[in-house]
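Below are structures written as structure tokens.
Shared between the two complexes below is subunit A, which has subunit B as its partner in the first and subunit C in the second.
Take a look at the complex of A and B:
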């Protein structure tokens, strides 16, 4: 028994070393940083230990702006993208012809480079001396007034941000949901047909509960992913996110570490831990809600 | 409600696209299922029995032919308008609903004047549950039930709308041996109590034999024989039916007819006379035709052998197997289809068996003659030579 145990630990060792060095140690390090007041990374000195860093971050208007941006992004994009992905998956599942073709089309954004996609969105939305961008062409064509989506009003920028996020996360969700739909035993649908069940009722009473574990999975990962948004924002609005008023929490953490006004690992660590607490809370709430509404076969 | 199948045919395009010819799953099925009977569709996998069931149900459209329930032509009706109840092989119980919700599900679909109140639905569901004896399990989820209980829930769900026809697809194949015995009695009982015309599909002959009023034996999309279970066993219409029914299976020999006598090898001969008394209207039979000399296929049921010292069939003894109630003698014979035969004998007869060889006297009533080429039954009565 003892011998077997030590063997097991031996087999686990490589993974544990890597996890320890790159995950567990930094995690604790971040916790320590976040309570060290006035930490200086050059001299490796600090004044004392206390909640000052958290106090500062929570009062920093840039952080509050980032927090607001992130929350709006999460609240809008997670339900929207999951809903749209569900619609598209159900549609894909019900066609036979060209299904593979459409699946490929919908999956393309997933394999496209974030920055390249960001560039495409710039072309779609950015105002330049030469053009107002494709979106504005459409707006003026139907008689509206052009809006500057990249440097203009907050809601316009937020719209681009949400639009982009939804579009980027769709492929993965569609992939998961189409395979979930395909794995539902066709006998259920046959039985429902024999009983004269309407299509809507089949969808709400059979299909949805059957794929609810996958929907739940997508909602949780969607929340976490949206809370961690950063590179997408940079791709569209550039690196000076605070100036654009479009910073996110992860962006704030990055700025605090390496940005032009950076060099404050303690503030960064505090912000990161606040994000961690938020994500943890939301996930726990998700788990509680889904326990009642998710059906594992 | 009687069911009439008229020239029912189902063709599928060949999966191998290079072959233009369609696959014929069911070929020209004609049959009138009498009202209130329990019919077993029996055949090996891929013989078209499930396709036939699905066509009766309405899940598949026939390529040709018509289906009538009573006098109504239901060929073009969708399943929900046919008044059928279907039990699937997987039971297809919705795992997220309780037993009660599962049974109530079909009634909740009713619209218009058929719409039922919640209380009425509940009462009907409880009644159906009592019928299949699961009324104490109503609040459970399907995953908390045994296979047999799930089966009953599926039957209750199929019965709750009071269907004109009940269809069961391989109802017992997911149950263990003991439950199978119990459940098939249960199906028979429920069918008798409700009096609903029932069609079930099975590849298990024992299952079909034990509960069906009539058995339909199918092979490669073609109906081979429709008859009462005992008739299918005792009076098979062709070699396929004879081989498909019976455990252990029928022993097949290559023999020869010479001057009205059937020979297995040189020494074992049995006198055969064409059976002119047989007048059942099977299409392929040729009653009263004199036996022609030439090769013939002979089938002998395992219980058709008596071990006797001077028996006409001489075999090498391989083994004597005692399995509970049955005793089998496994022996070799050069003229048997795969070189060996298996017989079932009574324990008293075993005294005769010892040493290297065993001789059998063949019981005339257990011999069947089949056309060497087509496998069609050649009807004869047999008498021992000596």
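Take a look at the complex of A and C:
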């Protein structure tokens, strides 16, 4: 038994070392960083302990801009992407022909490099002196005026950011919802059909309740993912997000840590912990709501 | 008689509604399929347009009559795309291989071996899943910098190795193998390691493949950590490479060459996806997260 005991720890050793060094130690270290005032990364010294870093971050206009951008992104993309995913999944579930084909196509964005495809989106939406770009071609075709979506007004930039985010997150949501819909027991539908229930009523009274746990799962992971938006935004607006006015909270953390405005791990740590607190709060609220409204079969 | 015609009218109406619904469904699905596929079409199309042709199109054309492969040559000669590619390949293969070894050992210990504090430790392991990357990356950045591992494969790979979730996934899979097999192996005097290697791994091969593919996708697309830890172009991965190309390579306006680079970067994963799409989709629906 004792021999077995030590052997087990030996098997666990590699995982423990990696997790210890790169996850557990950093978790405590980041909290220490966030309260060390005036930390200097060159000399590794600090003045004292206190909430100054949090105060600084919460007053930094760049952080407030990042906070605003992130909240707008979350509020728009989470409901929108979940709704579209539901619509598409219901559509997918109701057809037989070409179903596998559509399913495979819809999943494609999941495996593509976010940075690479983001560049394509940038080109589709960008207006240059040489060309208005493809998106503007469509807009002018229906009688609108061309807008520069990449360097232009705030709403236009926000639109591209939300559009690309939805494009990127939909594959996962469609996949989850399609398998959730397929797993609903068909007997319920047959029973409802015999009773002459209308389609809409079947959907709202049977389908939605049956897949509600999965919808809530997607909403929760959607919130968490959208709050952590970063690479997608970099892909479209480039690495200098503050200049574009499109920074996100995670982008702010990385900018503080590294890059042109970097070298302030204490501010980065404080911002990261603020983000964590926001995400945790929203997740808890979501869980409370879902407990009340979810029907487990 | 009157009754009869009514029924057929109702039935016809129902059939018509059904048909309209079907058409609408297909229209919706096709519409979204176009939105999904269009960026891919656009990048391939642009990558085969010549520089001068692209820049002379004030209104972008949806087709080209004189495709050229010059941009692909430029992508490999004017910027170090080949270098980025090789770096990413090394990074992906080594990280995935190391991750598999670490994961298999840990999952085996949790699934089959008996030791004190196992349940408590496993709960702690699971709770690690809640820790967001953004929180620990700050210290990891300092750790790797202080260890002098910036701009090195070690610095890129080491923090990317562990995945609590895959340990959990594999442990669940290992536990489905009947305990009797393990006992029989023990009676025969088979060592734990040999049992793991000869019995458990072959049985769990599908899960292993799924985990490996998901990790490969993750590695190939990773951007944040490589960006923090490398500023020497010799160690750029494709994601950082594409960002570098966008900001400094080719001259800002050579978009066809950029698109050629984007196509080259996207191809490996798309090929992987076409071969393994069933496995990847099943794997992701069991446990992937993104978004």
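Keep in mind that, in the parts below, the second predicted complex is superposed on the first by the 279 of 297 C-alpha atoms of A that agree within 3 Å, B and C clash if a C-alpha of one lies under 4 Å from a C-alpha of the other, contacts with A are read in each partner's own complex, and residues count from 1 in each chain.
FYI, a contact is a pair of C-beta atoms (placed from the backbone, for glycine too) under 8 Å apart; a residue touches a chain by one contact, two chains touch by 3 or more.
All values derive from a computational prediction rather than experimental measurement.
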Joint occupancy of subunit A by subunit B and subunit C, clash or fit: fit
Vertex subunit A, arms to subunit B and subunit C (CA centres, degrees, nearest 10): 70
Partner chain(s) touched by A:173 [first = subunit B, second = subunit C, both, neither]: second
Contacts of A:225 with subunit B and subunit C, given as first, second, both or neither: second
Partner chain in contact with A:157 - subunit B first, subunit C second, else both or neither: neither
Subunit B or subunit C, by number of subunit A residues touched: C
Subunit C versus subunit B - closest C-alpha approach in the superposed model, Å: 9
Residues on subunit A engaged by subunit B in the complex (per definition of touch): 185, 187-188, 190-198, 201, 205-206, 209-210, 212, 295, 297
Contact footprint of subunit A on subunit B as seen in their complex: 57-59, 78-81, 84-86, 88-90, 92, 94-96, 105-106, 109-110, 143, 157, 161
Of subunit C, residues touching subunit A in the complex: 21-22, 25-26, 28-29, 32-33, 35-37, 39-40, 42-43, 46, 55, 57-60, 101-103, 105-106, 108-110, 113-116, 118, 121, 125, 128, 131-132, 134-143, 158-159, 161-162, 164, 167, 192, 217, 220-221, 223-224, 227-228, 238-239, 242-243, 246-247, 253, 255, 258-259, 262, 265-266, 269-270, 272-273, 277, 280-281, 284-285, 288-291
Parts of subunit A lying in touch with subunit C, wherever the complex brings them together: 1, 4-5, 7-9, 11-12, 14-15, 18-19, 21-27, 29-30, 33, 41, 81, 84, 87-88, 91-92, 94-95, 98, 102-117, 119-121, 123-124, 128, 130-134, 137, 165, 167-170, 172-173, 175-176, 179, 221-222, 224-226, 228, 230-231, 234, 238-239, 250, 253-254, 257-258, 265, 268-269, 272-273, 275-276, 279
